[in-house]
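In what follows, subunit A forms one complex with subunit B and a second complex with subunit C.
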Partner chain A sequence: MERHDTVQLETQCRPLPRIARLPFSIVLVLPAQLIMLLVVVVPTLIVVWLSLTDWQPTDNIPWFKAEFSWFWNFYDLLPDERFVGAVLRTLFVVALCVSTELVLAVALALLFLDEWPWRKVAVSVIILPMMVVPVDAANAFFMLFNDHGPINQLLSLVLDRPVEYAWLADPHWALLPIIFAEVWQWTPLMFLLVLTAFLNVPRNQWRAALGLGATPAQAFFRVVLPLSLPVMLVAVLIRAIETFKIFDVIYILTRGGPGATTESISMYMYNGAFVYFRMGYVAAAALLVLFVVVSVCLALFKPLQKHYE
Partner chain B sequence: MSNRNSTRAPRIPKVLHRVAVVAAMVIAFFPVFWLLSTSFKPYEEWASSPPHWLPKKPTLQNYRIVFAPEAARRFAATQAGSLDYKVSGSAWAAFGTSAVVATAATLLSVVAGTLAAHSISRFRIGGDSFAFQFLSVRMFPPIAVVVPMVVLFSMLRLTDTHLGLILAYTAFTLPFSIWMIRSFIEEIPVDLEGVAQVHGMSQVEAFLKVTLPLIRGGVLATALFVFILNWSEFLFALTLTSGHVVTVTLQVANYVSASSGKLYGVQAAMGTISTIPVIVFGFLIQSHLVRGLTFGAVKE
Partner chain C sequence: MQNDDEAQKAIDRRSFLKSAAVGTVAFAAGTSLLSWARPAKAAGSLANVQSDAARAAKELAGGRVVTLRILEPSGSLGNIKPVADRWTADTGIKVEYIEVPLGEINQKVLLEAVSKAGSFDIALPASFGIPDLAESGILVDLDQLASKYEPEGYQDSIIYKTANYYKGDFYGYETDGDAYVMFYRKDWINDPEEQKRYADRYGIPLKVPDTWEELDQQLAFFHRPESGRYGVALFRSQYFIAWEWWVRFHAKGFFPFTDDLVPQINNDAGVKALEELAAASKYLYPGARSNGLFENFEAYGKGDSYANIGWGGTQKYLNGDKSGVKGKLTYGPTPGGKVNGALVRTPYFNWGWNYVVSSLSKEQEIAYLFTLYAVSPTLSTIAVRDPGGYFDPFRDEHYKDPEIIKLYSKEFLDVHEASMRGSIPDLYLKGQGEYFDVLRVNVQAADVGQKAPKQALDDTAREWDRISRRIGRKGQTVQWRFLKSLYPEAARSHLV
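Let's turn to the complex of A and B:
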């Protein structure tokens, strides 16, 4: 059809501007592609250049005139404890958050399989957290985990002694409020996805399993769970990718501190570029992360691609 | 087996079920409640010990500081004051900036996204890798391209301008627009467009007059979804501006004073107001949230 229409377009109106002589399908994607070129592709090329230099904006020379240090940035980066620490911490946060979210979401979804009065209202309240602007959610958690905040107040009630613990100032525990905020905000998304998956399992299959003598638990684990696995996989993948980028919450709660004990990869790069102004070094880190993330994702997205067809 | 209850879930005692649901609702609502409650607390109660769950002397002072420059200036002269110069005025400017930037970026993203989605789903342009190219934008941490973007934007004089933020937001929401709208387009049989063309419509007309009206609801949902993302964005607003262009999220983070740290009450007031549009839009498109957040892969 495509070729036919191009021909038609060209014969109908004689003197065509050059752009109209491009196939219609290409004209359609031009705006999107141009924006991508300006905002993503060109910056990526600049990152490659910067990563080979030692450029700092404080040098007072433009970036393209900076002296090349070739691969020294990468050489320095791999044994850099702060960078490696940020990478490992980010992976830890991703693993912990996503698995907690999944378990909570499955448990919650099980409560919502049947119809009961006020069910819709309950769903609306439970998905409220994902609608809150992340920066505001982070501020709320800052207040909750304040040394005079309600979390400490509840703890004092339970432990029966005054607790005025400064969570965010403790290098060992500062990550906890961050993880709480992240899990609180994004469990609802996981819940919605898991619930959709469960409800999409044809009812006949539940009935058949139960009719053949399976207990409800057996029917759930042998029939429903396997059938909803693809959607749950997509959910886990998407949450893992999003959590890997974690920035807003950490910026508001700790800015990576105390010391560098809560620095994620994004926070590390932010501090490197906008606090220490080591642009070349950060560019090298960025390139490394870009390369690893995009190749891992392309490999992992094969299942998602199949899901489409 | 006729009872619906028994065919669905592993049976849970009714009381336990209700208790679990209520507990989940309380946990989901509590931080929002705390934000709301703090926004009405006077300065003395922001971090009082023990904390008050409800304001003892409810006040609108925090909201006045957010909206009335007079009140903000008066507050800046008090013990908690010494406000950051960026936020000593009112927040109207921030709301204006966010509204302009988020709306413009949403329009650009949805229009460019609709065109591209049409090309991808009807002409299969570039095979699968073309569509995946856009998706890759959502995969890596955006901070990885922020550093070169700062460099590039300062060369193009886009730093600290509305246009710069609009372009950044457009690029980073394009994957949602393209993939979400694509999933709506693919629900419409391609034959409809074929028939229209047989009846003498051009390709453009067939798309604009046949397919587009049918996916109108989906495009609107996509637009609201993208608007929410733009409105809540923080990282680009933080790094691509330097004081002139201040978005809502930036304004919230800026309510910090040199002498008493974060201004809880003011942050809570600003946070409450800035979250309201997002919650309204979010519930408007509740049935499309799943599709949006999974790039059209999962439908409800």
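Let's turn to the complex of A and C:
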């Protein structure tokens, strides 16, 4: 018998290991997926466990030996005014920031649809805020909105009287600098995504609409916007999720104060975990917040699903 | 000022158990615990403590390459490095510094209890965090090591020792004299025209105020924003605001809790204290609400505010060359209050840093010896002398050192020493961070008009009750009663 016939016979008789039978594409991504599973799923399970205990590091017992307290943390959270206030406040900031960013991004994108001199340079300048480290951006806004800062100086010039308003210490207005900082820094990201969406709309459809007598506004709202909707929805979703986690701007500008008037859910959980060390309670808060965020995301996904149906 | 060192000495386990004895059963339990044999005191003398500590550390290192890692708050390197360099020269043991932001060091130490990373041997947490850190198990109970190495009388000249102990166990040496002190513009007080105007308006002489009411009156008097002059540079940012309320409240004659741990902070005195704090905010310089610690130094150093509140570190800056008020200040303890006709002062030790040893350290004994070395009379004097750091005088010896006197001024040190000796302790209970965070948020909410003072304090008291219940009312009550006994006699006898 020839050698190759022997090898062929042996191969036919010995079954391949399971991993070797997997498609090669799956084998390539498997290690990364397993690591992701470890990094995401295991901590999530730990958070779920902690949410059902009242564990604190100051109890001097390992977290896995914490006393089981059922759903008492969730029960205590719902009437917790500070928690509910933080969630509602964060949702308000998300809604205001994302909608403002979207409007500004659309307006900017329309300006950059056509070629004009220095367009590329202008795009680079517009996206600069995104490159700044969020903490540095927050520090800049801290100085801007200081009692003797440029904002008050500008207002003094305009109103022709000295203005030394304590923006960051006013419970009614302290959110404004935070929203300004957030919108200033992340509108460029929205702008890039929206511009990409607009540039990918087939030009002939747009020209056809104009040729058939539509006004530019009608062409935009009836042709460009519907075709750009999926990308814009993704941009809104990304920004909504990112804004929901807002922390550094608030930490630098107000630390959640005055009182708790600018405390976002991230600040609340930071205080709960690292000032109070109530890890179990904060874990329950984190799960409730996750539920809220997932619900918001699913709500945002609905139009996308309709678009693809 | 009456010397309250007696209270400071009586905070070891024996006195903790004695004051924790509630009822005959508890007392019996405490008495039986007292029968534990305590190790004998170390044989060395106080005069040789640093050389003895260095020699012992060198022997323990035994020719190995040992490096001690110190977790230190940002800005303290100026105080630690000169001492650590001498340590390395004396022992051959190197020191590595891990710097963390000032306001986050306690969190970092507590996270170590969770992560068990063993990333430092020694830490310098803020003193008010000692209870939580001790409860977490991250701190080594240093009683045994102190019995072995600490010579007789070592802690006698440390003026404020309350934070060194928790539930009677010793956890680390205080290394900073952070008693709250008031600063006033001497030239404004001594101005004959101002004196006449003040006397005409209020019928009393213009002087360093004795009471908070008098201070508030002076703030209103000196507040002339149209002339670029402001009443005060008090702290109004969230990290610091509650401390002022704490002193104002105590000065009205009340402890924050009853003996059964029922909060008293929302009584009439508490509400009045908060109303007065909010009213004083009218006299702040612009920007005070947003400013933190170092911004406060600079702002007051510009010279357009009458009064300020702070610590020795504040004076280090204000008496320095960058200050616009050097030589123009006078000082006073935090004002008191009239309680049943008597002037009651309640100076407040509200910060401080303690050298502690990590329970995860592989060199606990050497680490302890470093702290013994660093807080010794000679080396601690060197540490405090450094103008680049913020450790303030905390031993008797410091107040006699010519360089320290030059750095701070004799007038300031006299007031500082008196404040240290008469200081009421901070709220050294488990969950201190939680109690104070709730207080902070509500005090600030009242200050900016978001909540009525009564509502703010009612909310705080309700939350404090919840915290106490969750942590364990019994244990908290025991520790609170012990803490009450550590209040200086001059204050304690007037507070209810």
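Heads up, the rule we're going with is that the second predicted complex is superposed on the first by the 257 of 309 C-alpha atoms of A that agree within 3 Å, B and C clash if a C-alpha of one lies under 4 Å from a C-alpha of the other, contacts with A are read in each partner's own complex, and residues count from 1 in each chain.
In this section, a contact is a pair of C-beta atoms (placed from the backbone, for glycine too) under 8 Å apart; a residue touches a chain by one contact, two chains touch by 3 or more.
A quick note: this is a predicted structure, and the numbers were derived from the prediction, not measured.
Q: So in the superposed three-chain picture, is A:S25 touching just subunit B, just subunit C, both, or none of them (first/second/both/neither)?
A: The answer is first: A:S25 touches subunit B but not subunit C.
Q: Per the contact definition in the header, classify A:H148: touching subunit B only (first), subunit C only (second), both, or neither.
A: both
Q: Of the two partner chains, subunit B (first) and subunit C (second), which one does A:V135 touch, if any: first, second, both, or neither?
A: Touch status of A:V135: first partner only.
Q: Which of the two, subunit B or subunit C, is in touch with more residues of subunit A?
A: After superposing on chain A, more of subunit A is contacted by B.
Q: A:T58 contacts which: subunit B (first), subunit C (second), both, neither?
A: In the superposed model, A:T58 contacts subunit C only, not subunit B.
Q: I'd like to know which partner A:F83 touches here: subunit B for first, subunit C for second, both or neither.
A: It touches nothing on subunit B or subunit C.
Q: Figure out whether A:F277 sits in contact with subunit B (first) or subunit C (second), or with both, or with neither.
A: Touch status of A:F277: second partner only.
Q: Mind working out whether A:L168 is in touch with subunit B, subunit C, both or neither, as first, second, both or neither?
A: Touch status of A:L168: second partner only.
Q: Looking at A:G259 after the superposition, I want to know if it touches subunit B, subunit C, both of them or none. Which is it: first, second, both, neither?
A: second
Q: Which residues form the common part of the subunit A surface touched by subunit B and by subunit C?
A: In the superposed arrangement, which is not itself an observed complex, subunit A uses residues 63, 142, 146, 148, 164, 274, 279 for both subunit B and subunit C.
Q: Which residues of subunit B touch subunit A once you look at their complex with the stated criterion?
A: 1, 4-12, 17, 20-21, 24-25, 27-32, 34-35, 38, 47-51, 53, 108, 111-113, 115-116, 118-120, 122-123, 125-126, 128, 130, 132-152, 167-168, 170-172, 174, 178, 194, 197, 202-204, 228, 231-232, 234-235, 238-239, 248-249, 252-253, 262, 264, 267-268, 271-272, 274-275, 278-279, 282-283, 286, 289-290, 293-295, 297-300
Q: Hey, which residues of subunit C end up touching subunit A in the complex?
A: 104, 107, 110-111, 113-114, 132-133, 135-137, 236-239, 286-287, 289-290, 430-431, 433-434, 437, 441-442, 444-445, 447-451, 470
Q: Going by the contact rule set out above, which residues of subunit A touch subunit B in the complex?
A: 1-2, 5, 8-9, 12, 24-26, 28-29, 31-33, 35-36, 38-40, 42-47, 50, 63, 108, 110-111, 113-115, 122, 124-137, 139-144, 146, 148-150, 153, 164, 184, 188-189, 192-193, 196-197, 203, 206-207, 210-211, 215-217, 219-220, 231, 234-235, 238, 241, 244-245, 247-248, 251-252, 265-266, 269-270, 273-274, 279, 282-283, 286-287, 289-290, 293-294, 297-298, 301, 304-305, 307-308
Q: If we count contacts the way the header does, which residues on subunit A are in touch with subunit C in the complex?
A: 54, 57-60, 63, 82, 142, 146-148, 164, 166, 168-171, 255-261, 271, 274-279
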